[in-house]
Structures are given as C-alpha cells and as structure tokens.
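Sharing a structure below in structure tokens format, with a few things to ask.
First chain written, first letter: the chains are A, B and C, and each begins at residue 1.
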C-alpha cells in the first residue's frame, strides 16, 4: 500500500473560463508509483469547481451559458449585500461573488474519486479533468491524493 | 494502513436549513489516528445533501432561494401523487417530498472525498462541511470513513 | 488491505431512462472480499450520470422532467453546430448531444464514494445506485473499485 498527496497551483485567465488538468492528474498518478488503486482530486475553494467532461469549446461554452442563465450574475445576492452582511468580511477587498458561491453549491463538484489501473487514471475516451473558475481569477490549488498498490 | 468508520446522528431545525458538520469531520479524523490519507463523508439519505462551501448566512440564503426557484415546492410531483403512485408507499405517513428528491438528485451531493494531512482534513480556508436538509426535519445519519497511515 | 477493480457493461433502453445498478455494486463488494472499507463507483462517460436516490417511478419521472426544463433539448448548443465546431469530430456519425453534456456537467455525478461495512455498501434504506442515460442508448461501462480489510 502506497499513498501520495500533491498540491498544484493554477490560475484561469478570466472569470467563467476553464483549465484542463488531465495531464497534472496523470503526472500525480505516475509520480505516486501507484499502479492499481484510486485517485482523489479535491478543490479547496468555494467559488470554483472540478468538472469531468469533454474538452470541446462549444460544449464548454454551452455549459457556461446555461449556468449563467440558471444562476444570473445580476440577480440580488445577500452574500454581496454589505448593508446586511456581518460574517467573514474582508474589509480591504470583499469580492462581489455571491453568484459563484451559489453555482459552486449547485454543482457540488469539489471532489472526485477516479480508479487507477496500470498506472493511469481510468478516465473514459472523452473525459478530461477540468477546473471551472466561476470567480475573478485568483491562484487556485488542486490536491491529488493517490493510493493503492 | 488504518481505517475507521463512524456514524453520527444530527437533525436540522426546519426544512431548508443547514447544519455545520466540520467539527464532527475533524473529530472523526482525529479519532481515527490517521495522519495522512483521506476521509469519505457519506449521507445515507435521499432528501438531504452534503455541501462543502462557506458558512455565511447570506450565501446560504442565496443558495436556498435559488434552489427553490429552480425546483419549486408548489410544482406537480408524480412522487406525491397518491392517485398514481404504487411503489415504496408508507401508508401511515407518506411525506409530500417530491421536490426534495428532485433537488437531491440535481445536487448529487451524497458523498465527498477529502484528503487528510497532518491529522486534519485538507479543507480550504473558507470551506465548511454542511448538511442541507431539504425535507421536513428528521433524524439524519452522516458516515465518516477515514483511511491512511 | 485488499482492493479490487471491476468494470461492468450496461445499456439503457432509451434516452433519459434509468438503470438500477445496486445489485451490481453489492456483487462487486462481495466479490472483492472486503468487509470494512469503501467502494468507489465511477462512470467513464460524458453524457450519462450516476445518481444515488430512491427508485420510485414518479420521483424518477419528476427528475427527468425537471432536468429537461432546466436544460432543454431544443435550445441552441454550440457543441452541435457543425458550421462552427472543429474539435473531436467523428465525421461518420456525430451525435446531437450538446444538451446531455450540459446536463452531465450540471449534475457532476461521475463518481461516488460509499463506505462498506460487514461486507455491504452502507446505502440508506431508500438509496439505490442508478445510472441516468441522457444520450441516445449506447453501451456504457461502470467501474467499481473496492478497498479495505
């Protein structure tokens, strides 16, 4: 039984853009020395998400457009109402990101567990591991925990 | 390699309210004796969900309001139509909770996998483990399975 | 410490139908010889999802109807716009399945992690493991990775 935990840092170019992290996942699995087991991928943030789907620009545009329709940026968010809010305030620079908290909870895509065989994550032919940034760009961490034989 | 499974019982005060279970998760990790590994959190119910996000009352209100907009309580639900339904009936007290089954499937937030390092779950600065009760309050179980070295 | 990875093949009868895979999960756990540990279930596809909820025809109908309302099949999808698309094209038979990619990302239900005790997955009384096919029927794989003592 081996296990390995590594954290990478990434940053998306703009709000509502995507990063392909599949190669980073494959490297974490390879570097762990695990040939048969599983990989946990974990996003320690509250306004971005980890998707597993196809990297095709049209599909990613479709998904962003649908998310903005379901959870509009210009709706009222109590999280952004500084007349009302009292908790977790960063007075120096409080982001207007209520919409991205709601999207993040709706997706509930904070972690995934992916089987590993022959030293590779068992992703399907079209599956890529994708970070979806829903907030203004900032440095993001992604944690890979790989375990097995 | 160590592992430990513990089940806790909790109950939310009202429908569409939240419970912060972060301390219960931290305790389960500490009690397991695992310092490096991962924790699985699992909700063995069909009308509540486990969220990982910020505990800020405004953001949690925003999310509840959006979920009720996307999946209204006053829509028609075949699950609640006793003229039609034949399966899984509890004649003594069948809840009108079709809306919460739909919300639960939409969220698909039944389990999470969280890396553990230095005896702590690797939650980000703002992340809390939160139970979201979408049904009338009832006793709920949450299972923590911690494994590693 | 034991672990076992098995892949099954299944196929749903029509688009937007469901398959109950609970017995297949129970069999994978039993065949692994693991009595205490966890099971990862993983769907290596981009247009179907793994749900954990009640198998009651009304609730499953309600969920399908709501998903089709939130992500309509007859909306414009760039993924299906062959005037625009350049990536990942299968010239011989490109499916019009943009809607199902969006649904799949919205659900983000590609994997689950389920504790195992006494040789059984710790599913709740009403929980079933359910594949939700959102594309035209095709052969689908589901991977079970079971690990523990």
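Throughout what follows, a residue touches a chain if its C-beta (ideal position, glycine included) is under 8 Å from a C-beta of that chain, and two chains touch if they have at least 3 such contacts.
Since the structure is predicted, the reported quantities are computational estimates derived from the model, not experimental observations.
Colleague: What rotation angle superposes the Cα atoms of subunit B onto subunit C, in degrees to the nearest 5?
Modeller: 120
Colleague: Residue numbers at the subunit A-subunit C interface: does the shared fraction exceed half, giving same, or fall under half, giving different?
Modeller: different
Colleague: Provide the C-alpha centroid distance between subunit A and subunit C, rounded to the nearest whole angstrom.
Modeller: 20
Colleague: By residue number and range, which residues of subunit B touch two or more other chains?
Modeller: 1, 70, 106, 108, 112-113, 147, in rising order.
Colleague: Which residues of subunit A touch subunit C once you look at their complex with the stated criterion?
Modeller: Touch residues, subunit A against subunit C: 1, 36-38, 49, 51-59, 61-63, 66-67, 70, 106-109, 112-115, 117, 122-127, 147-149.
Colleague: Taking the complex as given, what residues does subunit A use to touch subunit B?
Modeller: Within the complex, subunit A contacts subunit B at residues 1, 3, 5, 40, 42-46, 70-71, 77-81, 84-85, 87-88, 98, 101-102, 104-106, 108, 110-113, 141, 143, 145, 147.
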